[in-house]
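The two complexes that follow have chain A in common; it is paired with chain B in the first and with chain C in the second.
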Partner chain A sequence: MDIIFIVIIPFFVSFILSLMRVFRRNIFFENFLSITGILIPFLVSVSTFSAVRSGEIITYNIGGWSPFLGITLKMDALSFFFSFLSLTLLILIMIYSLSRSPEYKILYLLMTGGMQGILLTRDIFNMYVFFEILSVTTYILVVSKEKRSYKASFKYLTLGSIASVLFLLGTGIVYKTTGVLNIDIISSMNTPQLKITFLLFLTSLGIKSGIFPLHFWIPDAHSIAPPPVSAFLSGLVLKIGIYSMLRLFYTVFRTNFFEMNDVLIALGAITVIFGSFLALSQKNLKKMLAYSSINQIGIIFLALSFGTELGIIGGLYMILAHAVAKVCLFLCSGMIGDLNLLNLKSKPFVSIPFFIGAISMIGLPFTCGFIGKYYVCLAAVETSYTLYAGVILFTSIISAVYLLRASYYLFRTSEDYKIPYSMRIPVYITSSLCIILGILPLMISDIVELAAKTLGGIV
Partner chain B sequence: MNIIFAVLFPITGALIILSVKKSGIYVSIFVSMISFLTVLSVYPEIFNGEEINSSIRMIFDLHFFVDRVNFVMLLFISFLNILILVYSIKYIKKDNHGYYPSLLLAMGFTLGSFLSGDLLTFYIFFEMTTLFSFFLVMYRGTERARRAGFMYLIMCFMGGALILISAFIVYLQEGNYDMENLNGISSLLFLLGCLIKAGAFPLHFWLPEAHPVAPSPISALLSGIIIKIGLYGIVRFFMTHEVIHWITIIAIFSMVFGVILALFQNDIKRILAYSSISQIGYVLLGVNLPSMGIAGGTFHMINHAVFKSLLFLCMGAVIYSTGERNLKKLGGLYKKMPYTAITCIIASFAISGIPLFNGFASKAVIFDSLSSNILKSIFLFTGGGTFALFYKLNRDIFFGKLPDKLRSTEEAPKLMLFPMIIISAICVLIGVFPSTVFGTIYAGTFNFWSWNHFLEAFVSVIMGIFIFLYGEKAGIFDIKEYDTDRIYRRFTEITCSFCENINKIVSTDLNIYVLCVLLFFIFLYFL
Partner chain C sequence: MILNGIITGIILILIGLYGMIAKRHIFKIILGLIIISTGIVLFFVSLGYVNNGIAPIISGDNLYVDPLPHTLMLTTIVVEVCITSLALVLALKIYEKYKTLDIKILEDI
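Right, the complex of A and B next:
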């Protein structure tokens, strides 16, 4: 099947689901549809694996138009990495949240489609459109029955809209100066872009992914949203911002990006320190996890800003580790009654996955997080920014303190409570992935290295 | 059998216990025995002078390496593991299913760190040991235990981070993680990391907090075995490197301060923790000397593992029977707990270096390799202090007047006495036949029974008696404790209040958020 189906099918299923609202609700059929809506894209994405691994780039021109005029979808190693990762986790989160309302599933599928669109498209304006789909659906998904969730969603909406405006403005300037919107064509022109364009994109994507002075919406939105929503917001939506940075900054804005290297690295370091210090002082588990996301995003941003191949490899592993572990932690938080840190109590089927997720977040050996930390620190030492390696390791000690504190409290057993297996299994799978990916290289390492090579660092 | 199984068995055992949700004591003892037998099974190869290299292919290669030096350590450690587990059967009365898995994991990863053949492997096992021993330190769950646990965690992770950076520096210079490639800044970082883990002065302050709060078998594991990971790193370092002078200074300070601070304490487990610092000083002094000294240091490290775990187990028995850990409130227990008293006295003789006990042998080797007279006199002074310390400890616990509260005290259960008796037998056996162990570490021969060494032990004892009498008379044993942990406490307080303050500053006003976005943009544009 063509790669267009990765984008189309979630939209289509979401459309069918909304039509089904006319009839009486059939839960089985609804669940079946919403899972297949993500499973088919997942299978399509998997089917491209062998081609992508051998270095081939799968191209699809929408409507048969030439790339110069129309929209091109391309699946290369980087897209595959993100698409495969996000679809795997999205299925798991979907299974976890099967008991939620049909509206949730409709929006969830729309979001899936938007996310895959961003990952596959090579047209900047098209990317903007998909970003809007992704953002608008998440604004709604953040809202729950709680009253403060409206406020959180409103903040998210305001900052998200600013980000979109800046993105659109940047796109306009790029189109004006180059005359095309296709990323590959622009980057083959090899002309440096205006600094202001670069900054527009940087600010916009910085808001989306939560770099230091732009991160303010994260703690509110992530801590107040329902647990599965926080899981994909923190685990995946932030990473989509990072993906767009990688895609745009290493191609279109290559020269601008490498000029500002030092500033961006420092920015990443500030984000890391800020996130970890604030996470330490939180009293609410989900808020703590939200701040720890900022910490991790800082590490990822830092790693990608080194601009070397090792840095990109480290950043990608860090993305993988953080996505899996954060989804695991947030899903666990959905099974705990009282989220105040001092009152945490749970059963072993929550506390042990939480513990595994926590050690992966800290970056202890035998977990996926360690591989990320390892490559990032190696890249830092290699580019003689040894101080930043120290910063990362120091903040990982701080994150050890707050995460292990939480998991220590969680080991206290509470009274009986029942959790359906559809919610337990995703947690088990994500937590075991944290360890499996840390011990066995599987095929992921090939993809990561290929992606790093195609993006290409400073030589 | 491949030596890696010595590490894998305890870990698998822990996973089995976790999945069946039973207390799992028999599984624990069984796997630790298999682990011991695995270590034992490589004896023929090691005896023939071969070295074992093996590696596991993961994303990184884990290298394992056994030669004569760490073979002896592994043998003792895996044996002590079994005894500590046996001791735990009675000691841990109420278990919430977390004790044995964490204990086994800590033991398994400790064996791994003694097996490690390069820097990265060493780091990996070092971190994992810290993680699980952290849960063991906090096992009691009290406020004090929690604080000590986090202090332990922070300090040891700090050490781990230093080792990791030094590993990276070596890797980028040489393309591998071999320990012999450490030089300059990387060796400094590596040594600092190991010194933190070993609890050397002035980075020792976590040790007297963390070791006493844990249950006694855990204290035995921590003080006897886990702090030796740091020392093992240092031993491996000095096997390929020249003497470093500042290590000698650290060693002297650890020896002297450890024993002086120990004399001030009244908590029976804190005394032992401080005396560990002093004994770590001996090891550091030894390993920093050429050829024979390093063997002596290693030998002392093994002996310390034996007698310090015995001492902790004895104190555990005292606490188990009386429920009391303050020295002032104990006394006259000799009649009530004869076996505990005898084993404790044997261990005290061993640690004070009395002839025919194992401490004597290793101290003799280190003493012989010392060249300067200043070092020799400090050595003797510390020996004296140790003797005074353990004289005081034994007198106050086992002799003197029995307090009324303790009239109904009974001897500890047999399952707890059994490991203690075995370990004390080891103390005596090594003491009488020191060359069986020392011969495997050191290629040359050494005369343990020369008059020099008896004289050294004798002078130490005399000095110890003088120190004790003087201390008793001047009342210095009641000085309020003073230690370097104030710096750490101050630092954590500052960090916490700093975090709180940032948290207050962080506004919830949307206008400010938008302003930040704008300022960010403008700032970067004009940069």
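Right, the complex of A and C next:
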């Protein structure tokens, strides 16, 4: 099947689901549809694996128009990495949240389609449109029964729309300068004069992924949202901002990006320190996890700003590790009654996956996070930014303090409470993925290295 | 002429940004959002303007305006309508729950 199906199947299924609201609710059929709506894109994405691994780039021109005029979808190693990772986790989160309302599933599928669209498209304006689909659905999904969620959602909406306006303004200037919107064609022209545009895109994507001065919406939105929503907001939606940065900064704004290297590395380091200290001071479990994702995003941003191939490899491993572990931790937090740190109580089937996710976030050996942090520190030493390797290791100790403290409290058993198996299995799978990917990183190393090579470092 | 359109667009964007940052009332923040999107539309439409250009129906060697920014703006207008309506719904809900629309008061609750 063509790669366009990765994008349109979720949209189509969510349309059918919304039509089904007319009839009496059939829960089995609804669940079946919402799982297949993500499973088919997943299978299409897997089917491209062998071609992508051999270095081929799968292209699809929408409507048969040439890349100059129309929209091009392309699947290369970087897109495959993100698309495969996000679809795997999205299926698991969907299974976790099957008991939710049909509206949730409709919005969730729309969000899936938007996310895959960003990952595949090579047209800047099209990327903006998919970003809007992703953001508008997440603004709505953040809202829950809780009173404060409306405030959090409004704050998220305000900042998100400022971010997209800046993105659009940047797109306009790029179009005026080059005359095309296709990323590949623009990057083949040498355009070092796009400095202001680079800053616009940096601010916009910085808001979307939560880099230091622009991070303040994260704790609100991520801690008040329902648990599965916080899982994909923190694990995947932040990473989509990072993906667009990788895609645009290493191709279109290459020269501007490497000129500002030092500033960006320093920003990343501030994000790392800031996030970990604030996470340490939190009293609510979900708020603590939200601040710890600021910390991890900082490490990823730091690694990608080094600009070397090793740095990109480390950043991609960190993205993988953080996505899997954070989804696991947030899904665990959905099974705990009282989220105040001192009152945490659970059963072993919650606390053991939580513990595994926590040690992967800290970066102990034999977990996925270890490989990520190892490569990032190696890249820091290689580019003689040894201080930043120290920063990462120091904040690892701080994250060990707050995450292990939380899992220590979690090991206190509480009285019986019932959790359905559809909620337990995703947690088991994500926590075992943390270990499996840590012991056998070879499964994905080909794709990660190929992705780093296609972007290329400083030459 | 073209310079005027672009500059006016950017001034509108800045006015809107000021409104979103400086105003305390949620409805005024939403108004700032609307002004920003108007500025963006004006900015883009002016990008495609060609002096003495005609409608983009290609016949002979006539100068014609660039139609692409205009088509892009149709999409943007739709997106902005979605965001504005969602923001208004959220403002209504916030008023229902808290009986106020003042950001400073809302922050303390």
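One rule holds in what follows: the second predicted complex is superposed on the first by the 457 of 459 C-alpha atoms of A that agree within 3 Å, B and C clash if a C-alpha of one lies under 4 Å from a C-alpha of the other, contacts with A are read in each partner's own complex, and residues count from 1 in each chain.
The rule is short, and it goes like this: a residue touches a chain if its C-beta (ideal position, glycine included) is under 8 Å from a C-beta of that chain, and two chains touch if they have at least 3 such contacts.
Given the structure is predicted, the values throughout are model-derived calculations rather than measurements.
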| item | value |
| --- | --- |
| Contacts of A:Tyr175 with chain B and chain C, given as first, second, both or neither | second |
| Chain B versus chain C as contact partner of A:Val401, first or second or both or neither | first |
| Touched partner set for A:Thr158, first chain B, second chain C, both or neither | both |
| Partner chain(s) touched by A:Phe277 [first = chain B, second = chain C, both, neither] | first |
| Touching partner for A:Ile196 - first (chain B), second (chain C), both, neither | first |
| Contacts of A:Glu132 with chain B and chain C, given as first, second, both or neither | second |
| Partner chain(s) touched by A:Leu107 [first = chain B, second = chain C, both, neither] | neither |
| Dominant toucher of chain A (residue count), chain B or chain C | B |
| Intersection of chain A interface sets (partners chain B, chain C) | 154, 158, 162 |
| Chain A - residues contacting chain C, complex | 125, 129, 132, 136, 139-140, 143, 147, 150-151, 153-154, 157-158, 161-162, 165, 168-169, 172, 175-176, 181 |
| Touch list for chain C against partner chain A, complex | 13, 17, 20, 26, 29, 33, 36-37, 40, 43-44, 47, 68-69, 72, 75-76, 79, 82-83, 86-87, 90-91, 93-94, 97-98, 106 |
| Chain B-touching residues of chain A, taken from the complex the two chains share | 154-155, 158-159, 162, 195-196, 199-200, 202-203, 206-207, 213-214, 216-217, 220, 260, 263, 274, 277-278, 280-282, 348, 352, 359, 364-366, 370-371, 374, 377-378, 381-382, 386, 389-390, 393-394, 396-397, 400-401, 404-405, 408, 411, 413, 438-441, 445 |
| Touch list for chain B against partner chain A, complex | 18, 21, 58-60, 96-98, 123-125, 127-128, 131, 134-135, 138, 146, 150, 153-154, 157-158, 161, 164-165, 168-169, 171-172, 495-496, 498-500, 502-503, 506, 508, 510, 512-514, 516-517, 519-521, 524-525, 527 |
